[in-house]
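Shared between the two complexes below is chain A, which pairs with chain B and chain C, respectively.
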Partner chain A sequence: MEEKKQCKGCGGALPFVVGFVAAVIAGWVLFPGVLYSKQNQPIRFSHKVHQEQGMECASCHSFREDGSYAGLPNNEKCMECHADVVGSDPDELKYVEQYAKTGKEVPWLIYQSQPDNVLFSHKAHESFECKSCHLEVEKTDTPPVYYENRLSGYSKQTMKMWQCERCHAENGVSNACHVCHK
Partner chain B sequence: MKAKEFNIKWGMVIDLDKCTGCGACMTACQVENNIAPMVDSSNKLRTLSWMLVFEMSNKKPCPDAEIAYLPRPCMQCGNPACVPVCPVVATDKNEEGGIVSQIYPRCIGCRYCMAACPYHARYFNWEDPIFPKGMEKALSPSTSTRPRGVVEKCNFCHTRLQNAKDKVRMEGGNPEALPDGAYMPACSEVCPTGAITFGDLKNPEHKVHELAKSENAFRLLEKLGLAPQVYYMSKREWVRKLGDNYAATGKPGAEKKHS
Partner chain C sequence: MGLDRRGFVKFVVGGVAGTLFTPVIWQSLDDVSIWSQNWPWIPRLNKGEVKSTAALSKLCPAGCAVKVKTLGGLPYAAIGNTANPMSKGGVCPVCAGGAQLMYSPARVASPMKKVGEGKFEAIKWEDAEAMLVEKLTAVKGQEGKLAVISGDETGSANDVFSAFAAGMGSTGFYMMPGEMLTATKGVKLMGGNGQPGFDIAGADFVLMIGADALDSWGATVANQKAFAATRPTGGAATAQFVYAGPVLNNTASVSDKWVAVTPTGASAFALGLANLLIAAGAVSSAPDFADYKALAAKFTPEAVEAAAGVKAEVLKDLAAKLKAAKAPLVIAGASFGQGAGAVDFCAAASLNVLLGRVNVTGGMTVLPTAPKALAAAIGRESALDAGSFLSAVATGKATPAVLMVYEANPAFALPQAGEMAKSLGNIAFKVSFSTYMDETAAMADLILPAPHPYERFDDAMNPYGVAKPTYLAGKPVVKKPVADCKDPVDVLLAAAGKLGVSLGFETYADVIKAKASAVGADLDTLTAGGAWTSDGKGGNLSLGAAALAKVAPAAADPKTLAVAPVTRQAFGSGSLATPPANLLIVREDELTGKDLVVRMNAATAKAAGVTQGAKVKLTAGSGELKARISVNEGVAAGTVAVPMGFGRSAWDEFTKGKGDNVYKILTVSDEAGTGLKVWAGSTVTVAKG
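Coming up: the complex of A and B.
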């Protein structure tokens, strides 16, 4: 009778441990890999090379006269230097042939792209350094991989609402809904 | 509940004697705020009109018959009825300027706020917005589109306030002290007769400050005590009385209360 009380083949705590480890691996390692698709920028743009020429962030990423932010430069800006092939980089040739000469804008992937109902004013945050929110791309030769959430379509690297709220709270800035939402 | 006080109070003064009922404000509003045209807009229970022009009549026979038009945006009440009833805090009056916010992704569509609002300024999306082919290219970047199942309302074209602040920052000014006219909702900007004056009710340099104190100024259903930030004015007594549904204090127009 004593032997029957012990469940043979169950292995005690082993199935629980195995299941737990499997669930942790699935949730922490496999699922994020499935959830985010990896994408590369259409052109291997090197911020490092441009920075070494003595260019500032604002040389290409600038404000408009009405205080709105132009964000990424368009062809017109790039072609001030890259209307013709400069150097021997294959991506340079790709840019000039596929975009500069055809007049098509480069479909850059925007790491910090926010949902449509978010309104962010760069002008209001001008006193901060760019890299306090943006990826520090100034030293990269190859742009970082862009991760897109397959379900929502949003960038993984974008700033989350809790980060906005925390910084606002720490700096005594209002966290009223309409300060950031539209 | 005690009303929150703000240093800036964005408000409108609408001169009903100047309003011709042309509806330009309604159109400008729909364009600015990405309100999709409906397949059948004859069902007025389902149309979305953040700004709506009502027709009023003094109900007198011909020689004395008069009509007036009353544009109705959200009143941005000082003591809003919609805010405390929201179970998920999707609507709040907590930002400097006193504009009542509505956050669509947070709204669960219970419509308590619609029942609470005595001005019928809130609208429910019964359908997903469908923009005719090509029109999606002309959508305004100022307002996010709303899905089916959420409530929406006028927010005094809030993005224009943000843009005006950015412009003032660019010019080196103080974004918390915008000059008169720097920030103007689409309806006020487009009104061909200039019936809609917009500004900070608390700032003596803004035109609305004086206009709201005029003896012809009144607010809708003032007896309810919601303290709207939208004022109306008319020299015609019947219009002023109708604004308070003939139930004010027996005196012409409504009793004026200024904070």
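Coming up: the complex of A and C.
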């Protein structure tokens, strides 16, 4: 009788433990795969090749005269060098044919696009290194995979408000609403 | 060992508990909250570079040199352009709303053909242009069968349209009414040739007879800047401004003095001043001075009081101030920018001649005839008026088969509007080149959408009122129009090519380039917001005594009231409905709910038997206008002041169906001596209703 009771006790906990562990594994391992869709950039842009040409980040990602950040370069900038096909890379041909010649801007996927209700000033954060917030892409030959959150529509790398607040707090910067929400 | 019910429940509970230690619930809640901020109907910000690009905004009649603020290439605001010597950074209330008007729901989205009463069908440009060529082919070489009405006073487009009409064998090029048409004819009566100008900036005493110069007359922003310059902050005014007109309007309200002059009394008032000035010793070397003096002598202060309602002491005080001023200037104009006669212009303008204030700094000038971009074009001095043309259509004297309407809205903005609209209906094929679905476009058989000023090349030669020959030009601000539109001149030039009418240009941009070259202006400087000006003067003037001999005090009918339409530039123009943003400044004594409000003073209201807030009908001929009464002492005796710009039957939800259209009760008569059509002295009967 005593042995039977002990077995019942073990059997009673086991389903709970199995369920618990299975849920933890599913939540941490499988859920992200379900939550995010994987997408590739429309053009396989090689930061590495451009850096080897002696270009710097600011050559394409520059500030405008009024201090606002231009973000990604547009066709006008790219066509300074790529109005015609340079080299034999198939993506080079794709860019020239589909975008440069048609005047259509490349729909780049932006890893850290913020919502409209956030005003992020790159000028105010100029003293930080790009990689403090952005993916380290300068040596990549193929852009990182873009993970889009199926629910929110934003990128996996989009910085959340708590991250902004923590950095502000650590650096003694105000966390008042109006600092980011105009 | 199997999984019994209890075991399954434990498994599920374990699963739920485990889930709490994963991001599944917490991240999902966070993501759902973010998702809820992104409903598809919430507008998204357009991100990109903020730029400021010079443009010529011809939404107002004079045209404003503006800077268009764009974000990522899309306009979102318009501000003044400090580089422009005329506006000096100012902008009129219509052009200030230029960006909003570019996205207006009233814009014609694509070419359309009429398929039934009030029904249109969108068609392709190639089909629309083919239809235009087909209709024009049928009238080629037949005098009187093609007519063009233009509402653009300053653009080289008029050169192209008039030259095209001539090339088609027609002389039917007509302009919508305005000060320019009347004043140019007035200058002719005074022995001159050209368009008059008025140097407000250089004057120290400005008497505006009728001309609403600080709100809606002439180059309004330049006028306002000149006025403002005489009022330094904390300092004494360096010039005096007096407004003489039937209504205490915006110009009168900021002037040093308002003199209430009845709508029909402007000429008598001006000649009364001339009489007092001559009595005070004023002489002129003009050849007709003796005749003028004899004529003016008839306009004693007592006669002026009877004809214009101005008391003798007010007239004498004003004459003394004119005489004492070092640089007096008299601006002649109709109180609502149209409808007055050339003789009325002469009467007021002759004071400048009498005071020796013609072609001098701070005086009245006569601008030399502007060069034309096309040799076959009709000059401004020879343009015919659209009102007379449509009257001729009504009586069968004119029988056009094709009418092209460019930047004009004759179905709304001509006197006796109801009858004019009927006349339009008599024309078999009407083409409207219009940016917006206005009342005329709504009657057209073919609508060819024109670009908004930020989407097109355009120019402005001598906007009415400028003291010096002036030329402005602009180029597109945006890469692509928001509507499927084409420049009307480009369309016309293409049609001309197919019809075998040689005009020598392929695009409007080429025409403007040629015009700038003919003027001697640098086009790049102009399109950057600059202005070309010159000191060219157009010769001397007489006093116009022969024409003024026709002036006779109007016989007052005690059963009627004189109509004084009241303009406010913010409310748009004949060819542009009130911009939605400006509806916010419509006062309760202009529009109450959807009722138009007309004003009259207490004595007039008492005589008419109406009281504050009463509903009335104003009737003239077959035209009737419904309104409410506001008793206000800012209106001359025997006069009813009626706001202009309301009563739209087309356009958009913001302007349609609000108030009534004053043009319906303006009646046309022939001016004695000139035969010009005038309607500044329109009268109405008032009945409760």
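We take it that the second predicted complex is superposed on the first by the 171 of 182 C-alpha atoms of A that agree within 3 Å, B and C clash if a C-alpha of one lies under 4 Å from a C-alpha of the other, contacts with A are read in each partner's own complex, and residues count from 1 in each chain.
Simple rule for what comes next: contacts are C-beta pairs under 8 Å (C-beta built on N, C-alpha and C of every residue); 3 or more make two chains touch, one makes a residue touch a chain.
Nothing here was measured: the structure is a model prediction, and the numbers come from that model.
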Could you look at A:H181 and tell me whether it touches chain B, chain C, both or neither (first, second, both, neither)? first
Look at the residues of chain A and decide whether chain B or chain C touches more of them. C
Return first, second, both or neither, reflecting whether A:K123 touches chain B, chain C, both chains, or no partner chain. first
Would you check which partner chain A:D66 touches, where first means chain B only, second means chain C only, and both and neither mean what they say? both
On the A-aligned overlay, A:W28 touches which partner chain: chain B = first, chain C = second, or both, or neither? second
Find the residues of chain A that appear in the contact set with chain B and again in the contact set with chain C. 66, 68, 115-117
Which chain A residues qualify as touching chain B in the complex? 63, 65-68, 115-117, 119, 121, 123-124, 126, 174, 176-179, 181-182
Which chain A residues qualify as touching chain C in the complex? 11-24, 26-28, 31-32, 35, 64, 66, 68, 70-71, 115-117, 149, 151-154, 160
What does chain B use to touch chain A in their complex? 92, 94-96, 99, 101, 103-105, 142-145, 155, 158-159, 162-163, 165-171, 175
Chain A-facing residues of chain C, complex: 1, 3, 6-8, 10-19, 21-24, 27-28, 30-32, 34-35, 37-38, 44-45, 47, 49-50
